[in-house]
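Listed below are the structures to be examined.
Each of the two complexes below includes chain A, the first together with chain B, the second together with chain C.
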Partner chain A sequence: MRGSLHLLVWLCLAAVLVFLYAPLVPPLLLAIRDPQTGAATLNNFAAIGADPTLVSAITNSVLLAAIVGIAAPLLGLAAAQAVRSFGLPRLIITIVLLPLFIPGVSMGVSTSLFFRLTGIDPSLFTMAVVQTLWALPFAFLIILTVMSGFDTLYLEAAYTSGANRLQAFREVELPQIAPGLTGAATFSVILSFNETVRTAVVQGGNNTVQTFIWSRYQQVGLTPNMYALMSLIIIVTLLLILVLVALGRKQQQS
Partner chain B sequence: MSLAVKRRDPAALVLLAGPVLLCALAIIVPLVLTLVVSFWERKMIGMQPGFTLTSYGLFFEGARFSVLRRSFFVAISSTLIMLLIAYAVAYLITFRLKPSRTRIFLFLLSVPFLVNYVIRTFAWAYLLGRTGPVNQFLLDLGVINQPLDWLLFSDFAVYLGLIAAYMPFMVYPIWLSLSAIDKRLIEASWMLGEAPLQTFLRVVLPLSLPGVFAAAIFGFVGAFGEVAVSQILGGVGYQLMGNAITSSLDVLNYPMAAAMSTVVVGCMLIMLLLWLRFFDLRLFLGKVLGR
Partner chain C sequence: MTIMLKAVSRRTVLKSAAIGAAAFGLRPDLALAAGQTVTLADIGVGDPNGDWSTYTKETGNTVNVVSIGNGPSAVLNQLIAGGGRQSYDIINIVGGMQNPLVENDLIVPLDVSRLKNWQNNAYIAEYFKPGSKGFDFIGYEGTIYGVPTVLQGDSFAYLPEKTGGTLDSYGALFDPKFKGFVALEDNYTTAGQKTALYLKSAGLTEINDPSDMSKEEIAKVVDFLIEKKKEGQFRVIWSSFEQAVNLLVNQEVYVMDCWEPMVFAAKAKGVDAVYAKPKEGYLLWAMAAYLVKGDRSPEKIEASYQLLDYMLSPEYGAMITSLRGYMTNPQAPAFAAQSDKFDEATAKRIAEIDAGVKEKFEAGGTWQARWPTNIETYEEEWQRFKAA
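Moving on to the complex of A and B:
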């Protein structure tokens, strides 16, 4: 009786995982299939490099991921430190987490109106701003979690031994919370690399890989090249997640 | 918290308050601006400052209002379905798995979530299509003798897409509040002779409500403003609020997009305020904040 109940629990959880992982498979299969013959081929990937719009979309995605991967953790760190020092935790947390509670379209519309009215043309900058605001809550929460495991007594000890605030942060706290920062950075890169709707609203003439697929779908539908692109995105994302896991392992060992 | 940590020097104040202020402005100013623009007038290819309720009027009487109603219904009903699934999953991993396995399961749950949901939605469109694997499988099994049409471009497909996109995210808040429950309370209820169902209804469920409500907000936010799932899996003409907003943007009707966006954000803010009114943020983020 107990054994079969246990089995049932496992089956339920396995079913949920199958449901969630199933959509990761078709793009990979369709990407390596020749649309005419159905034979396995890598031509769909080769065609990516021949399309200049696509190459620039990939460059944009990489640049944006780099910017967001640096900006979001830094802002998250500042906000998390402010939560600890200023005594207004509720207000700061609510504001920083607000983008989590606002649908992507609304956030995109708001920022694009803001840029339009302030005369800032759509560019990589506007895209980076939107994506950073989206990644910030996640980066902030990760850093806040790591910081809560750091005993502030160490800081006091540093102050008593004559360190100023910056020294105490750099030499005592930073090494301890560094895994959180790298984790937040990786997470931000993943989020930036996988964001469509917000970016699509403020992109102007630029494209990321994601918005390229989206707009191509709306114009002509999906082609084998698109599946190749999707596979690339899935593979890169999974690799980045492996990096996250490795970082987590390292943190546990140290 | 010690005084030493709280001590303030001007440089640190600027270094910390600056970025926080910048984020606050970057998040709040555009939202306020959207509210303002929603009262502006539409010009041929732009907008013009003024105060008019035209956009709201058009929104609440036209075809767009039926989109709002449908959006509301789809968002609420899909949120309820997602809550049931997410709660069951969170309950099983909290109380039926070893803590070490819980962490692994939560990790596995978040991997697909990190892969762009538009791509996952495309994949679902393929899986559910007339010639797709699901229909093929059912045909081969002999369960059906012709492909099912309602699998794709239907309410079913939209709900499935929404669940796949937002349900994993809802497990976390519920798990957070379930795992924070003092096990002794459950044991006490058992020792006082309550049946398992009564224990669940009168002890576990009430104590997990902050997480449930947070999860409900996440699900509702996603489903209400949805753009991709409705377009890809709902088919031509299946519109939710997100689609209505982007199509207003496409025809450069900024005041209308702003008005609809304001209504959506307004709904969110009301839910968020209710959440903050009934539950303390620390109750929920207690673990994270370390107190």
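Moving on to the complex of A and C:
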């Protein structure tokens, strides 16, 4: 009886996993398929580099991911510190999480109007700002969660031992909450790489991988090298999630 | 150190001057505008998959392609709110929306004497004559603003195996025989206008001009579409290229209002799909490339003109016909046949596509209206159809 129940649980889990991951399979299949012969091939991956527009989109996406991966965790850390120091945690949390509830198009359009009014031309900077606004609430939540497990008594002890605020943060708190920062950075990189709508509105003269693929999807269809790139993005994203999980486990063990 | 710097700078100046003089002597146009990057905002159709090598080789300039949406409001938003005026030098979109582009001061008139390929393009002379409906796809109030880049006549696709023979009327989209196996495009300037063409031809509704309907006329068209929608006629209202191709490939629909390249894509995947020759005529349209108004140097403007001229060249035309399935340039088929850039089969396909579209223009129909007089009513009515 117990064995069959066990099997049922495993079957349910397998069904959920199939439901979650089955949609990721077709791009992978199309990525390794020769469009002419139908045979399996890796040429589509090699062809990514042959399309300069795609290459420049990849470069932009990587640059943006790096900027957002640094900016969002730093801002999230600052906000999380504010929650602890200033009181009024609910107010600060609500303010920081607000962009999460605004639809992507509205957020993108209002940001682009803001840039227009302030005379800032579209560039990688405007794209990075809009993506950081998107990633910030997630980074903030991750850091806040990790910080909630940190006992501020350690800071008191550090101050008693003569450390100033910066020293206490750097030498006592930072090592404890580092996994949170790494997690927030990883998550921000993933969010930046996958963002489309907000970015498309403020992209100006720059494509990202997502805005480029989305535009092609709508107008002229996708080429095999785009499926190859999509597959790579899916694989990299899954690997980054695995890194996040591994970091979480490491933190639990320590 | 100072002496060294001086020597280097003197040498550099002399060297640059020599190169400049040589370049100017050989190619005056190149000397005026080399080393520029022209940003081309394109809906996807105009990008020869990044291969701008001939343009770069001939002019010393490069092209930065940026993807933009094709909806009229999306284009305007990108230019006005999205900062496109500063970022884009040229936009290549479906023509016919000069009204808002000119009225909002977003594009500039073209000096076609700067385009050497303009004069030898028989399609321009034939299909975009001043005063004709086609002219409205490149010009506004008698002035030329756009370079035509692709031409096409749209109808609808069907799967003969499923429909049991040839279909030659837009009425097939509304035939109860195919109930539940029909798809329309989410676009009032295509699906809406084709419906109007059918209703007028079949004498079901009085419509003066299907390409520019009154508020009452577009309301009647939408009433008809809603009635059909409620009867379960439409499987889906599609909104992207890949989605439409998949509908045909998976044989989820038998009759579909769509673009011809989707039929090519479905055929390439082994599906027997046909692009219909409707008795009501085709929905004719053209893409056009416009110079965006902005604060640009004479060198940048020259480089942009050079790019527009390249987009009128037989080579660019042949590449776009081959990749996207539209008619481009009268000399493209001959270029494809003679150039070693294309294999024999591709050259043959380019010639076939060119001939096929030319046939549609000869058969005639109605030009698509990208910016009808009552556009706001069109938008509202189309939302009513989608929400019904």
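The working rule: the second predicted complex is superposed on the first by the 237 of 254 C-alpha atoms of A that agree within 3 Å, B and C clash if a C-alpha of one lies under 4 Å from a C-alpha of the other, contacts with A are read in each partner's own complex, and residues count from 1 in each chain.
Going forward, a contact is a pair of C-beta atoms (placed from the backbone, for glycine too) under 8 Å apart; a residue touches a chain by one contact, two chains touch by 3 or more.
Just so you know, these numbers come straight off a predicted model, no measurement behind them.
Superposition of the two structures on chain A leads chain B and chain C into a clash.
Once the two complexes are overlaid on the shared chain, A:Leu113 sits against chain B and chain C alike. Put simply, more of the residues of chain A are touched by B, taking chain B and chain C as the two choices. Of the two partner chains, neither chain B nor chain C is touched by A:Ala246. By the touch criterion defined above, A:Ala14 reaches neither chain B nor chain C. Using the contact criterion defined above for the overlaid structures, shared-chain residue A:Gly221 touches chain C, although it does not reach chain B. In the superposition on chain A, A:Val201 makes contact with both chain B and chain C.
In the superposed pair of complexes, A:Gln210 makes contact with chain B only, with no contact to chain C. Contacts of A:Pro23 after superposition on the shared chain: chain B is touched, whereas chain C is not.
Of the two partner chains, chain C is the only one touched by A:Ser56; chain B is not. Of the two partner chains, chain B is the only one that A:Leu155 touches; chain C does not reach it.
In the three-chain model built by superposing on chain A, chain C overlaps with chain B at stretch 243-251, while the rest of 9-17, 135-143, 207-215 or 243-251 show no clash.
Shared contact residues of chain A, touching chain B in one structure and chain C in the other: 109, 112-113, 116, 201, 214, 217-218, 222. Looking at the complex, you find that chain C touches chain A at residues 39, 43-45, 47, 49-50, 64-70, 77-78, 81-84, 86-88, 239-242, 245, 261-262, 265, 268, 323-324. By the touch criterion stated above, chain B contacts chain A in their complex at residues 1-2, 4-9, 11-12, 15-20, 22-24, 26-31, 33-34, 37, 85, 88-89, 92-93, 96-97, 105, 107-109, 111-116, 118-124, 126-127, 133, 164, 168, 217-218, 221-222, 224-228, 231-232, 241-242, 245-246, 249, 254, 257-258, 261, 264-265, 268, 271-272, 276, 281, 285, 287-290.
On the chain A side of its complex with chain C, the touching residues are 35, 50-56, 109, 112-113, 115-116, 121-122, 126, 200-207, 211-212, 214-223. Across the complex, chain B is touched by residues 6, 9, 12-13, 16-17, 19-27, 30, 74-75, 78-79, 81-87, 89-90, 92-96, 98-107, 109-114, 116-117, 129, 133, 136, 141, 144-145, 148-149, 152-153, 155-156, 159-160, 164-166, 190-191, 193-197, 201, 210, 213-214, 217-218, 222, 230, 233-234, 237-238, 241, 245 of chain A.
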